[in-house]
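Take a look at the structure set out below.
Chain lettering (A, B, C, D, E and F) follows the sequence in which the chains are written, and residue indices restart at 1 in each chain.
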Amino acid sequence: MSDRPQDPRHRRGLELMNEIDPADGQRKLDDFAGIAPDLGRFLIEFVFADIYSRSVLSLRERQFVRLSALAAMGIGDAPMRANINSALNVGLAASDIAETFIQCLPYAGFPRVINAMEQLKAIVEERSGQG
Amino acid sequence: MSDRPQDPRHRRGLELMNEIDPADGQRKLDDFAGIAPDLGRFLIEFVFADIYSRSVLSLRERQFVRLSALAAMGIGDAPMRANINSALNVGLAASDIAETFIQCLPYAGFPRVINAMEQLKAIVEERSGQG
Amino acid sequence: MSDRPQDPRHRRGLELMNEIDPADGQRKLDDFAGIAPDLGRFLIEFVFADIYSRSVLSLRERQFVRLSALAAMGIGDAPMRANINSALNVGLAASDIAETFIQCLPYAGFPRVINAMEQLKAIVEERSGQG
Amino acid sequence: MSDRPQDPRHRRGLELMNEIDPADGQRKLDDFAGIAPDLGRFLIEFVFADIYSRSVLSLRERQFVRLSALAAMGIGDAPMRANINSALNVGLAASDIAETFIQCLPYAGFPRVINAMEQLKAIVEERSGQG
Amino acid sequence: MSDRPQDPRHRRGLELMNEIDPADGQRKLDDFAGIAPDLGRFLIEFVFADIYSRSVLSLRERQFVRLSALAAMGIGDAPMRANINSALNVGLAASDIAETFIQCLPYAGFPRVINAMEQLKAIVEERSGQG
Amino acid sequence: MSDRPQDPRHRRGLELMNEIDPADGQRKLDDFAGIAPDLGRFLIEFVFADIYSRSVLSLRERQFVRLSALAAMGIGDAPMRANINSALNVGLAASDIAETFIQCLPYAGFPRVINAMEQLKAIVEERSGQG
């Protein structure tokens, strides 16, 4: 990624990613550096710089959008955990996240919500040193 | 539904439904009165009274959850329009809803977001008398 | 399709399709005759002859499987109507179908179940001459 | 949950849950007791008491609905195993469940059906002491 | 969009969009100009300039990717028609597209493939003046 | 399966399966031999003999269809790895597969594409002896 430090969009995305979830973001960049470096670049430039950095909704409100979309899609456990972690990193309480999933029940159904809640439980325990 | 006016949960759900989107809510109750009256009852008692009436998240925040979950699931045009209408009814600006869909782009993909945005456009025109 | 009348699998599938929903089945064969005749053939030979004709579950039980899978996938209105019609054709009551969709609520969520129920309502009215 | 023993709906749901799959049900209640106790409550009161306890369809027929909806949604391995276990607990044969998944093939596709069947195989081996 | 003519990425995306499906592309830009102009911009800059313009796979191969992904997701009829049109515009034969959908049968299942094929049939008739 | 060696369709499917991914194919047949032998038979006769053996699209083109459909559906890690392996077995480069997933980004979204790419990375390392 270091070949684009001069691009303002790239720099803005990378800064935001590092602010929100440096460990998971860097792990993905490293994972894809060999096989698909452009996937890491699009993650930084499109997801972080173009979309996530927009301030029409507050940072807190953007978490509700992201977590709900992911729960409703039935996303895998690993990406769900990474996204829960980054929502906690930017200041949501675990109870806000639990409530987000509960509000999804009528749309996404119980199995997907229960699965999302299991990941939240695992992350909360991990962060409090019990996990 | 009138056979349960004494049930506080039922009454609370019905009041909330009528506050948020009386036209669409009543249409669904009427539609299902003959074929599946319990579906209307569960909509009132579970979706409205048990879930949607919870105040852990603000009413505004609950809209972000609901609209994002629906956009990510690729819900049909008619339910998407009803949900956009009710979000406008409780005070969201059209620009808040447009931004919610844009924030879903990296997760739900362009075709589902574009489709949701077309419904928002149709509703906005309808409500401003252009539709 | 008439080029395979001697194939017992093809004949068995075609007979079953004609027994269950001749109008919709024939319409699909006609639709795809020009553009993708093999799609009609696979519908007859795989869906009807290989799968649907199996008698491990009763014909009634196979309807519950089919309708639930389709409701949970959020299938479009036209295929849902065709499948509801064929379930009524083989003897399910409208109330059995309504209950199937209600039993899907905790898994498939309200929007998909409500949508399926609207199609059931439309078909029931159509068949009773009100539609 | 013990704070609602006097509520007849709660009691009916809890009894049914304990009859069908006490181990998995209790594990979920325990899991969510700290982080989202209302999710356990909705599972008991909505899924079990409101929906699953209905007797319009037979208990056997309700299994076909549930397993088909879950297979078609591509639900995760852990919830699929819990649901297969509870279907066996209420008297379905493993061959009924295998056939349910086979009947889903034309709708849900091979990858989801193969995945569901792998879970059935694992559960059957586990219950016969081979797993 | 005319406010970014100087941006090379924007210009490259716009040119590609106009080459592939000018009518549908321009209609979307017009639709979203009032309510969500950035959605049109991201369509041009991310979908067309960043992704679709890549030449690792041939233009023909990229159609197979796009059409298969859309069929498997069960995308709505209007976006499916627009995407079929643009695949025909860049030189695929209708028989290539029909075969793409047939190859999706084991994964996406019959209802989604049948629906995609109905859209192909409609587009082919429309383009040959029968529609 | 050995009870159908005389059926030309069965033989054709089995040969193709053994050519493409003998290890995974045989493992599935063995897995289902006890619990659902017909699932193995349909895999051979429908997926391999009826669909995958068709030569309207080239073998390379059929890989793009298959991998894109699976990525867009958010298929589990194990089936995604098996399908990546078989695409490599028939001659696709890892970079072709990586690009297929990148081309899916606008439709399937980042979480599903990132997940597919992680599986590709794991398989590439495994095959080069690093895994």
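Rule of thumb we're sticking to: contacts are C-beta pairs under 8 Å (C-beta built on N, C-alpha and C of every residue); 3 or more make two chains touch, one makes a residue touch a chain.
Chain labels with UniProt names: A, B, C, D, E, F = 4-carboxymuconolactone decarboxylase.
For clarity, every value in this text was computed on a predicted model and none was experimentally measured.
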Checklist line | Shared chain contacts [chain A and chain F, defined touch] | finding: B, C, D, E
Check: Among the other chains, which touch chain B and chain C together?
Finding: A, D, E, F
Notebook entry, point to check: Pick from A-F, D-E or B-D: which pair repeats the contacts of A-D, with over half of them the same residue pairs?
Noted result: A-F
Notebook entry, point to check: So which chain is the furthest away from chain A, centre to centre on CA atoms?
Noted result: C
Next item on the list: Quick one: point me to the chain whose Cα centre is farthest from that of chain B.
Entry: F
Note to self: What rotation angle takes the CA atoms of chain B onto those of chain D? Round to the nearest 5 degrees.
What the structure shows: 180
Note to self: For chain B versus chain F, what separation do you get between their C-alpha means, in angstrom?
What the structure shows: 40
Notebook entry, point to check: Using CA atom averages as chain centres, what separation in Å is found between chain C and chain D?
Noted result: 26
Next item on the list: For chain D and chain F, let me know how many angstrom lie between their CA-based centres, rounded off.
Entry: 30
Next item on the list: Would you pick out the residues of chain D that each touch at least 2 other chains?
Entry: 42, 46-47, 51, 70, 73-75, 95, 102, 105-111
Next item on the list: Once you've mapped the touching chain pairs, tell me: line, ring, star, complete or other?
Entry: complete
Checklist line | chain D partner contacts - residues on chain C that touch it in the complex | finding: 46-47, 51-52, 54, 56-57, 60-62, 64-66, 68-73, 75, 95-96, 99-100, 102-108
Checklist line | Complex interface listing, chain E residues touching chain C | finding: 74, 77, 94-95, 98, 101-102, 105, 109-115, 117-118, 120-121, 124
Next item on the list: Using the touch definition up top, name the residues of chain E that touch chain D in the complex.
Entry: 106-111
Checklist line | Residues of chain F defined as touching chain D within the complex | finding: 28, 31-32, 34-36, 38-39, 42-43, 47, 70, 73-76, 78-79
Next item on the list: Mind listing the chain A positions that touch chain E in their complex?
Entry: 42, 45-46, 50-51
